[in-house]
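These are the structures in question, set out in turn.
One chain, subunit A, links the two complexes that follow: it is found with subunit B in the first and with subunit C in the second.
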Partner chain A sequence: MNFTPENIIFIGVLGLLGAGLYGLLVSRNLIKVVVALQILVKAAILGLVLAGNISQQINLSQSLAITVIVADTVVAVIGISLAVQIRRHLGSLDVIDVATLRG
Partner chain B sequence: MIYALLVIASIIFAILAFRTQRLIASALWLAGVSALVSIMCYLLGAYAVAVIELSVGAGLVTVLFVFAISIAGEEGKVTRSVIPIALAGGVVIVALALLGWLTLPITAVYPPVSEVALPDMIWNQRSLDVFVQIVLVFAGVLGLLGLLAEAKAPLKHSVADEYAQKRDRELEALHEQSLEKETI
Partner chain C sequence: MDTDTLLVLLTISIPWLGGICVWLVGDRHPNIQHRLATVFALLGGIVSLSLLQYTQGQTVINIPLGGAFGDFTLVLDGLGAYLTIIAAVIGGLAVIFSNDYMKGENQLGRYYSLTFLFIGAMIGLVLSGSLLFVFLFWEITAFCSYALISFHNDDPKAVAGGIKALIITSIGGVGLLIGAIVVYAYLNSYQINDLLVGAESLPPSVLGLIAFGFLIAAAAKSAQVPFQTWLPDAMEAPTPISALIHAATMVNAGVYLLARFYPAFEAVPGWRMTVMLVGMLSALLAGIMAVVVYDLKRTLAYSTIAQLGVMVYAIGAGAILASQFHLLSHSVFKALLFLGAGAVIHAVGTRDMREMGGLGKQMPFVRVVFIIGAISLIGLPLTNGFVSKELILEAGLEHTPFLLFALVMFGAGLTALYSTRMVWMVFYGEPRGEKHAHDAPGAMRFSLALLAFGTMTTWLLIGPFSQFLANSLPPSYEIEVVKTWEVILKVISTPATWVALLVAFLGASLWFLRDRFAGFVASLQPLADFIRGGLGFEWINQQIIRITKGTAAAFRPTQTGLLSWNVFGIVGGLVILLVLIVWGV
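Here is the complex of A and B:
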């Protein structure tokens, strides 16, 4: 395989996707779950920009990436505020403690 | 060479962002990932995305994280993951191997197309996206109100513990009643 810049950055996209997915599966702290989600979305943004660079349509990919950045920021805000409210009401940030149903 | 360095550094920062124990350090490593991603976007020719990613991803989101951590406080206890680590690692490796096998190496060469300018693309060709962004920004403002909302004094026990204690008391009362009936 030729290590062209496109291939190297695609490997980076794969690495960031892997790190985000692993963090999402392993983390139990609610704020760390949001951090892992942010890493996943950063991989998606980089993938979009790379696709635009390869297909010579960088402006289309930039327009899509800006939408993804806005959505990602809103998701982060709502996720963080949910985590803070859960911490206030339950006294914990652990995802296990959020499940209050006991049978 | 610079691409390889940026890629390796961003993956290391991403791993450190959820491996580190302190939440504030986690937010700062995430800001580092965001800065490196914006440099890569700049090198790929996406200048607008690079600027927005650096200002929003590394700036605004980090400030929000630090603000939220200062309200919520650090979580002291170290917790084990629900899913076994080997299983999580296996799932991730299989997913990445499949994705890499299907896409790498990137050899497709596209003919150059005449592309419209970025402002024209955003405001005319993809105007629906702009409306969606406006709606999303309003949703974000509502989320921020949730972050800033004052709550009652923090509970001493979690709600789940209180309900469990209440249920135990009721069960004990029922048990005592049944014992009394038996003695009568």
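Here is the complex of A and C:
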């Protein structure tokens, strides 16, 4: 395997994807869940830019990447604010406590 | 913009505009709502009639949507144009009838806007040249039907009836959607004309899939066996809605679909026979059920199923012209019967025929128009039902196995029996209700009189009607141009007519001889109870619901609500997908 820029970025995408999924699988703290989600989305954005570079459609990939960044920010903000509300109402940030939907 | 394009756009948009306007007026001004609705109804009806002049089978609108959506087209041909006129004109009359029928009801905005949405969607459905948009409008009409059946949403029966109609017609709609997607996959186009031309180039198994998919959709929409159970329960709707949606227009969409694609599917092995069987079974079973029920509107609902069955049977027999002419006749006389029943129900306050009786003296006008409708339903001379039904029976005698024909004929005898029973129980005999009934008020009379006039005259249109269809449809529909007087002479001289009249006479006289058979009838009581329960079809429905709920409950433990498990499921799914792709499946 050659260490061309594309390959290095591809490994980066896979690494971010793995880190994000691992975080989602194991973390029980809601804030950590949001952080893991962010890492996952960053992998997706990087993947988009990489795909644009390979297929020579830079414009399309960049505009898609910016769209994802905007959507992702909204997700992060709402996720954090939900976490704050849950903490206030349930006194806990544990996803297993939240899953019962009692409060 | 050409005149025909403008007129087509107007016929679809006037009802929709009307719906929005009536809704915007607000429920605090019911009088303005009634008047505005009447104006739009009249306008829509008149504009739709002007389409007659411009119908040549041309594509009036073509908007490419790109990608997998194909083109949005509206095609103005005979089949679409006459169904448009039925939807707009009978829709208009039902709206005018509602002026009196819905007086004093709350939430008229919801009522009128849904009705207008339905009328516009129905016109879109029959004019659309793209299968994808046929499906879209198909589902809009199903939604309007559901929402209007459940209009009295504080009544659990109305809500249940609406949901049942929605579920059953949507299940059928899946058949239409699958058919449309398969057509697109093979012909790279959703256009109906492309399917009609390219049907022969499709592999036989694929064409069979499309044909039977469409048949399921049509059977569900037109309440044919085994999907017929939703229509009687839909009778919880306000009566003008029953007349419009569940007698004159929406339930005809299935018959329309079969007729529209008949040239493409006629060569599919077994398709025509299945269509004939479905139609015959519906006509027969619904006729049997209509004889035993006591609810006035349910009797009419079962007779609608039976008449639609006769039309479906005619399509199977290859008699497109006869089936479409019967559709026209049926729309007019069944709308008349339903609106007449509406006037009775409005006056008496019940739908149970056991509590009516002797209403003829109190409501002479309604009695006259109702009997005209009933005569047409039985198929006696001088009404439109006579000519159209005899045309179907004649074609049936020529082109179908004798056993099928005989069973359909038996269904016609049942029609005479339950029609006579219905008229007798409502208008004659001793009054069994306590309430004094008043004859129909002005707006009701207007609609009823026009429909009664139509019932007695539209049979004169058979000549122009055949000319109209033949001019604008491709020759593959095998429409034979006929002259009115030739048809009348042929109908009078053919043996099928005399047999049918004899059968009708026997059926009707059975009702008057009922006292002779009193003991026999009493012994059939358990059977009648079984039939009233829906002939076991209701039991099948319940079993399907039970199994669905049981399966859902069995899968309930997989929904842990825990984030980690859900992510695990997603990752697992992704891995499986990746493995499959790498494997190259």
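One rule holds in what follows: the second predicted complex is superposed on the first by the 99 of 103 C-alpha atoms of A that agree within 3 Å, B and C clash if a C-alpha of one lies under 4 Å from a C-alpha of the other, contacts with A are read in each partner's own complex, and residues count from 1 in each chain.
As a working rule, a residue touches a chain if its C-beta (ideal position, glycine included) is under 8 Å from a C-beta of that chain, and two chains touch if they have at least 3 such contacts.
Since the model is a prediction, treat every value here as computed from it, not as a measurement.
Following the overlay on subunit A, a side-by-side fit with no clash is recorded for the pair subunit B and subunit C.
Which of subunit B and subunit C touches more residues of subunit A is settled by the count: it is B. Once the two complexes are laid over each other on the shared chain, residue contacts for A:96 go to subunit B and to subunit C alike. Once the two complexes are overlaid on the shared chain, A:26 sits against subunit B and subunit C alike.
Looking at the shared chain after the overlay, A:63 reaches subunit B, while subunit C stays out of its contact range.
Within the superposed three-chain model, A:46 lies in touch with subunit B and out of touch with subunit C [touch as defined at top].
Taking the two complexes aligned on chain A, the least Cα distance separating subunit B from subunit C is 5 Å.
Subunit A residues in contact with subunit B (one complex) as well as with subunit C (other complex) are 21, 25-26, 28, 95-96, 100. The touching residues of subunit A, counted against subunit B in their complex, run 1-12, 14-23, 25-29, 31-32, 34-36, 38-39, 42, 45-46, 49-50, 52-67, 69-74, 76-78, 80-85, 87-97, 100, 102.
Subunit A contributes residues 21, 24-26, 28, 33, 95-96, 99-101 to its touches with subunit C in the complex. Interface residues of subunit C, counted against subunit A in their complex, comprise 560-564, 567-568, 571. Interface residues of subunit B, counted against subunit A in their complex, comprise 3-4, 6-7, 10-11, 14-15, 17-18, 23, 26-27, 30, 33-34, 37, 40-41, 43-46, 48-49, 52-53, 56-57, 60-61, 64-65, 68-69, 71-73, 75, 77, 79-83, 85, 88-89, 91-93, 95-96, 99-100, 103-106, 108, 110-113, 115-118, 121-122, 125-126, 129, 132-133, 136-137, 139-140, 143-144, 146-147, 149, 151, 154-160, 163-164.
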